[in-house]
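Before anything else, here is the set of structures, which you'll find just below.
Shared chain: subunit A. Partners: subunit B in the first complex, subunit C in the second.
For the complex of A and B:
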């Protein structure tokens, strides 16, 4: 790429761990803020967290907590997790059919459906009926959506579009194409701008 | 004693906002700033007021926790929450430092040309860091190379040597407040420019330059 742009003091450009990109584990971190119902086996008064109040906890009584706490309690065998409504074989089968039938992205039951499935199935599969079937169904839905995403990314680039609306895509899905797609678009832009003589637009950064 | 911990923010922390913010809203603000900073190609305006209030919340909570007995069930939940907030806070500040290191001459230039009364791009600490980074880079370049060059080649203009942030990068965004007639520049000569409406809750892929003002105003969230 260097031959295409004006010579620069490239020795100043350093490669750092990219804090300005997003790691899948960080998307998972955001997913852990979602609420899930648990049935505790202990009692505890209300907890006043910075992010809001939780509890009170009474043995046998369902209570909503963030996923990060639910998983921690589960690991310490202090609760049973109630899977979200959509984590159900019949509902997921319907979604899979719809996703396969439609060309557009269908609405998902949770903005973090993939991360939540993975987290809950990995740490609380004994609380989720038909866990294996659910794992396969969610994977099928994910695969169908990612295939659509690749197709639309491909047409976005080949049509040289300047704008796309991406409703119903989740952060994790966007994240799987983010770097590759954005870097490609930037490269194409650089190549095109350099084709136009005298264009200052082409003076892009050289990473 | 835990009950008074996070009922409301101190006067310092609410006076800068028109409405009183709850601690939960404060944490959402921090998370929004974190994602915007992660995904915007340029350094955004500093959010010191949010950072300081979050720090205050954390310090307050931590000092309360010191008085709690070991093995307290509630305390362990509080500590987990503190760790999660600290993670976001550090990642946010680190991503700003990385951008300052990457674009330091331009960041300092922008700060210099800022009109009086306009909010500062950098926090006082970040400003000190950027200045020091500039001076150290200059000294380093002189020591290892420039002083051995012919006299007419010894000057280096860091503003020209360091690439500028690429505002033409594409970004993903989610709309928080409906926007009409957002201008979309054509990609090629045979395309026409057009406008789009951004509906609340919708998600888009477009150039950062077009929507940068909406990121500053909080009308869209980068994702």
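For the complex of A and C:
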């Protein structure tokens, strides 16, 4: 999935034409594999899971765990979540300004910044200082990026460009535009090929 | 026996087991249940929740679940009767009882193996000492042996034996006399102990303390504990002194939580729950209604003004004019009132109400505030949850459904249920006020000598609402207060009130409730429980003492008059 954020993602998106877009909850599920620091209040030896090793847990000592485990422990009041480094008001303000200035997409704080913000702020907002401002800033960054994406998709379709540069896009953002972009490109292709009389009609499948 | 270390003797025992939770149908029990459920979720304890509305429900639930569960937790039920005799459990069933009903039955107190009371020992109990009530069996055996010896040895009289016989006979007579004296004293002690019913510390507060000891207490649990305490006050179960003392205890917890989280630089998200101490007005639901409606429908103000009379209405208009509040503003929804009026509304109202004889218009309570528009006082939540718990909206009125709905409305994520509960509560309050007004104006309250009596006829509007115990108790309380304010007879002001309302028209049953007299320093001790039992026995009326509060019974409507006569003779 990390390959989707490189410039070559355009080709892979094209090949995935026949699949419908992912459900946002599936994207969130993938985001939960990201690691986050917690401070547990219990002790447990190292646990060996198929996806990797976790622990050992000692009360008061920070340990890195995947987000799904962090949220579960938080809801059972067994830990305190430490916000990731990028979840800070000044840093996010800088990123927002940079995003607004540039035409292309700027590097993201984290490949799943939107999902992580939502998950952490919904379940652990008491551990995150200035949670409301962070929520607003992240939403601003998201809005700017989606606006750029929509503009780019719009011009891509209307001007029938052959390629576009989509670096620094996250999976969630691509997912919002994927279904529309692919379907409309397919329609355009169908229309274009119908303009040429007597050509490959038989080989086209109806969408 | 009383559990001393609630963490070691209760929580750690049940943490690895499957538990059955039997919860009574009142708001304090609901709050205690929520706190316990939250603790169980943290530790993945498997439990089954069974709502019970009376003794029969309790027995049925126990029979259904006794095969699968060894540990039972009873919330707000079971302490005031001999539980082992009622349920006949196996020897390995263990009951943890957290109940506010007092007096606690002596068998429950002194049973060491199966009954564990989650009650503080100094919680206003005055349990008689063991020796006063239970006598060792050996003395009686000794008696029996002695008489046995005498009957055996009676066939061979000799000089020595005869003297021995006389001494033995004297001793026996002495022993029997002592035993009779002891039994008479025992009966007296038990009678005094069990005569008056009252309530102890809220069950929700007990479980919050458990959470605190486990350091798993959250603001949600604190809020539920506050609601449990407020429920006891709203439904008049505890004295004002006890309420104020418990509020002070809760205030310590609230300041601890607020101090922990609020910081100058790192302020909390607006979505976090904030609990604050409020010295707020005693106007029911006023922030979710209009001020005018709230004044008209709150017991305290309506009775002080006597709003069922024309004079009272005029006084109310004067009161509003005195405060300088325009009628148009006051009749609007509270949230849409002018900010300039809302700013020091409480102080303005307090000043004016002092002039009109209402000295206690303000009461200490707590409010919660989360999100941008959700503000609730503890009293609002109690009324909303109580209205949901006893809602008669649907015809089948499934009690389990209502229970679950009321339970859900206490969570922060189910605000719609809470709002629908508030609407139902408003309707209930309107119905109560109208019924009170009609009862006073048509003189339906009759003095029967030792108590006042009122019967709601079948055709009374909203009488279906009053077939439920909590609603009827609230109506009773308001009615007694209104009567005390409206009557001139000094003696009648000190009488308790018995109220009957039709419960089920097809089966011909009525529900009867008795409440203690209204007074400033009332200790809320209710003797009607025992009185009802005795009256029912003496007239062999068909009664059902199903409710956990002994002062609420069901009665066949035909037996009403003879039951009443028996009650009068008993109490005069």
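Odds and ends about this structure:
Operating definition for what follows: the second predicted complex is superposed on the first by the 183 of 207 C-alpha atoms of A that agree within 3 Å, B and C clash if a C-alpha of one lies under 4 Å from a C-alpha of the other, contacts with A are read in each partner's own complex, and residues count from 1 in each chain.
Definition applied: a residue touches a chain if its C-beta (ideal position, glycine included) is under 8 Å from a C-beta of that chain, and two chains touch if they have at least 3 such contacts.
This is a predicted model, so every value here is computed, not measured.
Once chain A of one complex is fitted onto chain A of the other, the partner contacts of A:163 are limited to subunit B, with no touch recorded for subunit C.
Using the contact criterion defined above for the overlaid structures, shared-chain residue A:86 touches neither subunit B nor subunit C, since it reaches no partner. Of the two partners, subunit B and subunit C, it is B that touches more residues of subunit A. By the touch criterion stated above, A:77 is placed in contact with subunit C alone, subunit B being left untouched.
In the overlay built on the shared chain, the residue A:126 is in contact with subunit C alone; subunit B does not reach it. Comparing the two complexes, no residue of subunit A contacts subunit B in one case and subunit C in the other. Only residues 2-3, 5-7, 23-24, 26-27, 31, 37-39, 57-58, 61, 73-74, 77-78, 80-82, 84-85, 87, 91, 94-95, 98-99, 101-102, 137, 156, 161-166, 168-172, 184-188, 191, 196, 201-207, 223 of subunit B touch subunit A when the two sit together in their complex.
Across the interface of their complex, subunit C is touched by residues 75-78, 121, 125-126, 128-132, 135 of subunit A.
The part of subunit A that touches subunit B in the complex is made up of residues 8-9, 12-14, 16, 18-22, 26, 29-30, 32, 42, 44-45, 47-52, 54, 68-69, 72, 156, 160-169, 171, 174, 178, 181-182, 185-186, 189, 192, 201, 204-207. In the complex of the two chains, the subunit C residues touching subunit A come out as 41-44, 216, 218, 261, 263, 265-272.
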